[in-house]
């Protein structure tokens, strides 16, 4: 049994002009201790996928239209709010992109970590304090005991992201989802945080999902990669497969537009792939990438291309795989 | 924190000086002079001279100004023309009535305004939200004296549940006080409750959209803790500013409410003073109430700093 | 900007107007307020009976077809008095809004644009705003005397500082905008920058404020009249009518109920109007909705 199994997941949003699908028929699974990278442009559905797994999307307007999310054998999509709350923290934890705004400005960082522990475990004040100091030390906050009483605005962006990590790790989650964990940070800090993530993964023995638009980050961290485009998975492969034998034209375009792999962290936003993501209300028929694809032929727009195996653990949804 | 308090108190000083200057100036802006206004059209020059002398208006302006500040700083606000009693004494006697009424109304406002605002935000676009918002827009549109009169007709006259007016000191008879103050407090609180509910709702909606609320939920905190701790602690920062405005409006409203329900508070005292051209009383009363308001605003600023660490640590 | 029809249709002001006309709250508020405005304008036509005409043979008549709103203790037609009261309310509210629009904009713009003026003006503003509003209005009418003009002045003194503060905060934000800085750098004069670049963009919050202000002004005026420190009786202001009706609260409740309802319709209409304007005109607040 995998730790996380997502099958046929479709998440939609009600808008003034009808319901639109942000994520469609997404399938993937994750083993304990594995690092899965999810890459795609903003709007490709990667964050929505993560938030659906966490049960954090406001419903309405969001709705899980189809599919299932099984975590450690338990179906999450049918859980009540109260039951789902118990999963968040000790089961699955999440770190967000914006460390500047993700911490509550009016509480000390110590308080924000301790309350996480207390929401899930019976912990006395002294034990909670000691565990929090230990967590802050683990995420690399210097003089942790003193920093307990600091407020978020007194910390740098990198330090705040470390605090976010401490919060996420407070209840020793079995799965940590990091949504663009380094995007808002300075380049030098980005590498530190990624290293820290991997160290913590080893130490806590948890599985990790790293969501990013930066394929360089994937190269640094992931064991396996999902490439998402316009709400769908277009390629799935072991990390070496993605870089050595990218199958989908979109993946190839991503790689071609990424900076050299020995300086992967310098990338800001994705450089030019011609065109833009299709409007989710008017997605093209057939392959979503066809309008931007150099290899597109009329048949591409006829039907959704099925996910086709191209190697061990490697599949892509493209009818022009040989081209 | 001490620095915050000190800076807020210091910034109130020029406001208080200006406020007292404006109240001092009032009496000099009366067309034809206060003496003529007090004595009426048939006054003889001797009568006018006498009134001017009694009010100290025959002295040169700088001397008058000096005496005004000298007296005010010693807590002497002059003598009421109508009551023949020191103004400060008359005010002190009536202050507890206004204070009790305002406090009662404030409790109602906070209890109903905050809770319905929070509830409306949590149930945005549901019937709960719509009912709360319809009530609050009616609340801010219903003149308090109109509501007071309607409530007197209904609860006091028709049903006979509560007295239509009169005052019972709290320490003589707490239940009697409650009975006498309930209709006045409700009529005073309605507008403010509507105001607070609207602002609480929009502030909560803004706060509930913030990233740190998502973090709080991602940590697995119970919904109650997410809303009442994480959201409310942030929403209270702007709401506290509004509560300062609400206190100011409470004192405005008390003038009317006290008059209608025959409550012997500051508001009634001032209305009587204005109607009887008791200028020392008007000056003194306005000055005291406004000084209280400045005090409340200092309190609000300090509370603001207490709620927001960003202000607390960056105060100059 | 090309003035062809299509261009006109997509101008921001026209777009805002179209959105307003689809805003249910705004339209309902507009209808309520329009009822009162029409009553005020047509008072001499709709209510030909002199509002001050005493008829001691027809006192305390309840509302009927003959006397739509009934009569008061002097047998005066309440229909006429309430209609003429609408005139006075609209006059006083309109005048207060006009004073605020001019004085509040000038003071707020100067204070927001020139830091040196700002300090002095805002201190005076803070002092005036420290007074509880009704109290300050009472103090001013106590000083100046009880007449409609004096009430308008009092309301101007009470509310202009509040309007000035709103204009000032928009101007301070706009002054730092890049396009304004660019205009300054290009050598545009202060007056030109204020008039062409800053004030037009400060208009939306000002319009929202003025619509709420109209409501406050009408309400405060009624309060002053009711307390007996506004326009002197028998001037048929709604507050005066209600004050005179207080004695007959139990025997002739319509004397109070009808002008009170008119007052409430006015204030409710203006508040709804203001809410609608704020939703549509103020983009920051619109996101909140």
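Order as written gives the chain letters A, B and C; numbering starts at 1 within each chain.
Everything below uses one rule, namely that contacts are C-beta pairs under 8 Å (C-beta built on N, C-alpha and C of every residue); 3 or more make two chains touch, one makes a residue touch a chain.
As the structure is a computational prediction, the values presented were derived from the model and not from experiment.
A linear topology is adopted by the chain contact network, the touching chains following one after another without closure. Comparing chain pairs B-C and A-B, the larger number of C-beta contacts belongs to B-C. With each centre defined as the average position of its C-alpha atoms, the distance from subunit A to subunit B rounds to 52 Å.
Inter-chain spacing, taken between the CA centroids of subunit B and subunit C, is 22 Å. The multi-chain contact residues of subunit C, meaning those touching 2 or more other chains, do not exist; every residue touches at most one other chain. Put simply, subunit C touches subunit B in their complex at residues 123-124, 126-128, 130-136, 138-139, 141-145, 215, 219, 222-223, 226-229, 242, 246, 249-250, 253, 256-257, 260, 263-264, 267-268, 271-272, 275, 285, 288.
Only residues 14-15, 18-19, 22-23, 26-27, 29-31, 137-138, 140-143, 145-146, 149-150, 152-153, 157, 202, 205-206, 248-249, 251-253, 255-256, 259-260, 270-271, 273-275, 277, 279, 282, 286, 289-290, 293-294, 297 of subunit B touch subunit C when the two sit together in their complex. Only residues 54, 56, 81-82, 85-90, 93-94, 96, 98, 101-107, 115-116, 119-120, 151, 153-154, 164, 167-168, 170-171 of subunit A touch subunit B when the two sit together in their complex. Residues 210-212, 214-223, 225, 229-230, 233-234, 237, 307-310, 313 of subunit B touch subunit A in their complex.
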